[in-house]
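Here you go, one structure.
Chain nomenclature is as follows: A, B, C and D, assigned in order of appearance, with residue numbering initiated at 1 for each chain independently.
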Amino acid sequence: MSSKYEALKQECFEANIALNNLGLVIYTFGNVSAVDRDNGAFAIKPSGVPYEKLKPEDIVILDYDNTIIEGSMRPSSDTKTHAYLYKHWEHIGGIAHTHATYSVAWAQAQKDIPIFGTTHADHLTKDIPCAEPMRDDLIEGNYEHNTGIQILDCFKDRNLSPEVVEMVLLGNHGPFAWGKTAAKAVYNSKVLETVAQMAYLTLQINPEAPRLKDSLIKKHYERKHGKNAYYGQ
Amino acid sequence: MSSKYEALKQECFEANIALNNLGLVIYTFGNVSAVDRDNGAFAIKPSGVPYEKLKPEDIVILDYDNTIIEGSMRPSSDTKTHAYLYKHWEHIGGIAHTHATYSVAWAQAQKDIPIFGTTHADHLTKDIPCAEPMRDDLIEGNYEHNTGIQILDCFKDRNLSPEVVEMVLLGNHGPFAWGKTAAKAVYNSKVLETVAQMAYLTLQINPEAPRLKDSLIKKHYERKHGKNAYYGQ
Amino acid sequence: MSSKYEALKQECFEANIALNNLGLVIYTFGNVSAVDRDNGAFAIKPSGVPYEKLKPEDIVILDYDNTIIEGSMRPSSDTKTHAYLYKHWEHIGGIAHTHATYSVAWAQAQKDIPIFGTTHADHLTKDIPCAEPMRDDLIEGNYEHNTGIQILDCFKDRNLSPEVVEMVLLGNHGPFAWGKTAAKAVYNSKVLETVAQMAYLTLQINPEAPRLKDSLIKKHYERKHGKNAYYGQ
Amino acid sequence: MSSKYEALKQECFEANIALNNLGLVIYTFGNVSAVDRDNGAFAIKPSGVPYEKLKPEDIVILDYDNTIIEGSMRPSSDTKTHAYLYKHWEHIGGIAHTHATYSVAWAQAQKDIPIFGTTHADHLTKDIPCAEPMRDDLIEGNYEHNTGIQILDCFKDRNLSPEVVEMVLLGNHGPFAWGKTAAKAVYNSKVLETVAQMAYLTLQINPEAPRLKDSLIKKHYERKHGKNAYYGQ
């Protein structure tokens, strides 16, 4: 008995496995989801399952209000955050959450990651935002749902677009990244971890290191993402 | 001629191999034990044997007073510490000791590892304690037995429960971790090493980084370990 | 239908794969080229192709004025920098560009890498230069062509020879390295990354660490590269 | 036509390969030798040969005055240092030299590695000495021979025994380690690199970290190396 979500489950499965292969997670840490906009549903990793044991049929399908459509396992404990982001950001196709080392270190330091170089500007034009830790009353409420609100509030306060800035740090917690596909969300998680390590080292070598200047930010972002982009095939 | 400890030896063997595969030890450093509460006996790695050459039948079986029950090899030089912990902490099922890099660095720095984020709070609600280096007269006495006393004293002084805090740093030495099984003790050793690296980086990025606030500590610990836990299957 | 550039494409392909195997790049970052001086042409990685999918026949052949001679794919976005260097530095045979972590950190810190030890002096006698970020009007112009100019200007200003110093950092960007062959350019990229990490750690341990003294610089460089060199076969 | 040095060449070959497998060297960096005291000869890696291409028959045999006994390749450029140490330290059986990252960083920082913990004390009771950079007139003379003198002078000045302290850092250069066999010299190189990283991290976490106290130094060294040692089989 096949499901109309077979391909979505497979996409989600492969993205979760990639997260593990890229060294961004250990044990059962982290989770990736993928969305099917036509059916208003998304696929996500089941909670607490080691990547080594994960199978495509374990992937859980839910709607944007967290009702399970398919799957016998409990979905990731972070599911409500994914659902909230899919509901409110209609253009994203996949989301990844990790506890990758350097990304978490910046989140725990409660610091935005400054844009120091072209590796960063090849992917986004802004400092990578670190959202403030959540208010106590929100933590005690619907925590994972409120994590979604926290991310959107951060982007609203700073006037950021989720199509330009495809990643965020949650203060004291860790990174979320997203993109047009689940694979792109995983890619952005890896880029974030790389940029986080480079920025850390940059400040160790030169605590007065200047931010990248606007002309270089613009040049590198535009050549990859602008109207006249000439990067890639 | 089979032994009633075959399964225990196999569990202990696999946990020791996992320690090596996780990059927590080099050469013959480290050791893991597993306990059989029904028979009042525990299994431990033989002393000085490289992980590559270790076989299940090399594992040594002892009682809580360090009398060898089975095995032709000399048990780990840290055996008396394991025995002491099993004798006094009746609920633990496995113990792991490593010289993992970041854990040792904090132990050598003689600093508790502050709880900076949710990766930490997913596993315990307290700073990871660093026990003071042992008194000279105890070092010259029954050293490994006294290491057990040192760990229990540290937990008593700080009013910590070994069921909530499943890890400790010994000042100038390194980490011990434990859990319901030997596999869980190894898991906790890896978590400790990961948290130790994250905390180190956090302070490098922001020497004024605040501890995680109580509401987030409680939320993350409870969702994984509380009465209404919803993490895992 | 064979091409007279088959061997050149293969050399370029293998050097790009080596860049990936040495851990100097992730995803599609980085690029290596190899030159055929007899035919006034060079081979370079196509833009945005993952190393795992790269095939020798994907390699693009161009002349020093960036006209494509062979190949159906778009060449690396950094192609004009390679062309400029080949045109003006007649003795180099290969060029590699990476975003390797420690090299980028020094570039982002806008600091030359001081010569602290013999690992450095075995390969070059000077601090590894970090070129200043480009002027805004040059960035807005023919950027990758001007990157070539920027590198040559840096070498002219500092009176450096590209045959002795086979590497440079571009401020806020990352490293370029070159050599007699594409394989040597990759080798120099790996040496640069290693020396960059060692120099970073040296300053962390001792912020007052002195530069290597001239007699040791000369000795180590000469025994490997001098008239009476006695290193190698 | 077999040689009486077949076994020695094989031992030397395997130790060199181990150096590479342990991540202590890249490319052609580093070299290991093994001595045959009965025949007054030692085996050493040929100069500039990549570890991937090294074969047992490439190993060169020399006497303590650097005369080649067997082998068609040029021996390591550091051969005279090995010869000098074998000639003057009659109890050592193997020597390893690397440019391992953390060991080199301490050498470039021109700092002894303080004994901060039991990982260090399990192997030696002293700070790991960093010999001062060589005098200019000695550098210009018989450099590698004088490197041997430099090491012995350092041990004499500090009243150290090469049987207790089996490793040294050469200021601005890197580590040499030795032991009863070539395999033990490689083991000591890995221990040194591990201890170097731990000491670096310790000082980053706590710049005021105290040295390990004498009672713990003695206890850990004695339980592994003393008359009543009880570590190992």
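One rule holds in what follows: a contact is a pair of C-beta atoms (placed from the backbone, for glycine too) under 8 Å apart; a residue touches a chain by one contact, two chains touch by 3 or more.
Just so it is clear, the structure is predicted and the values come from calculations on it, not from any experiment.
**Q** Tell me the rotation angle, 0 to 180 degrees, that brings the C-alpha atoms of subunit B onto subunit C, to the nearest 5.
**A** 180
**Q** Which one of the chains is farthest from subunit A, going by Cα centres?
**A** Most remote chain from subunit A, centroid-wise, comes out as D.
**Q** Looking at subunit B with subunit D, do both copies bring the same residues to the contact (over half shared) or different ones?
**A** different
**Q** Approximately how many whole Å separate the CA-defined centres of subunit A and subunit D?
**A** Centre separation, subunit A to subunit D: 46 Å.
**Q** Suppose each chain is reduced to the average of its Cα coordinates; what separation in Å results between subunit A and subunit B?
**A** Centre-to-centre distance between subunit A and subunit B: 33 Å.
**Q** Using the touch rule from the top of the page, what residues of subunit A touch 2 or more other chains?
**A** 204
**Q** Let me make sure I understand the interfaces: which chain pairs count as touching?
**A** A-B, A-C, B-D, C-D
**Q** Tell me, which parts of subunit B touch subunit D in their complex?
**A** Against subunit D, the touching part of subunit B is residues 26-29, 46-49, 73-74, 77, 99, 101-102, 104-111, 133-134, 136, 139-140, 143, 172-174, 200, 203-204.
**Q** Mind pulling up the subunit C residues that touch subunit D in the complex?
**A** The touching residues are 116-119, 187, 190-191, 194, 197-199, 201-202, 204-206, 209-210, 212-213, 215-216, 219, 223-224, 230-233.
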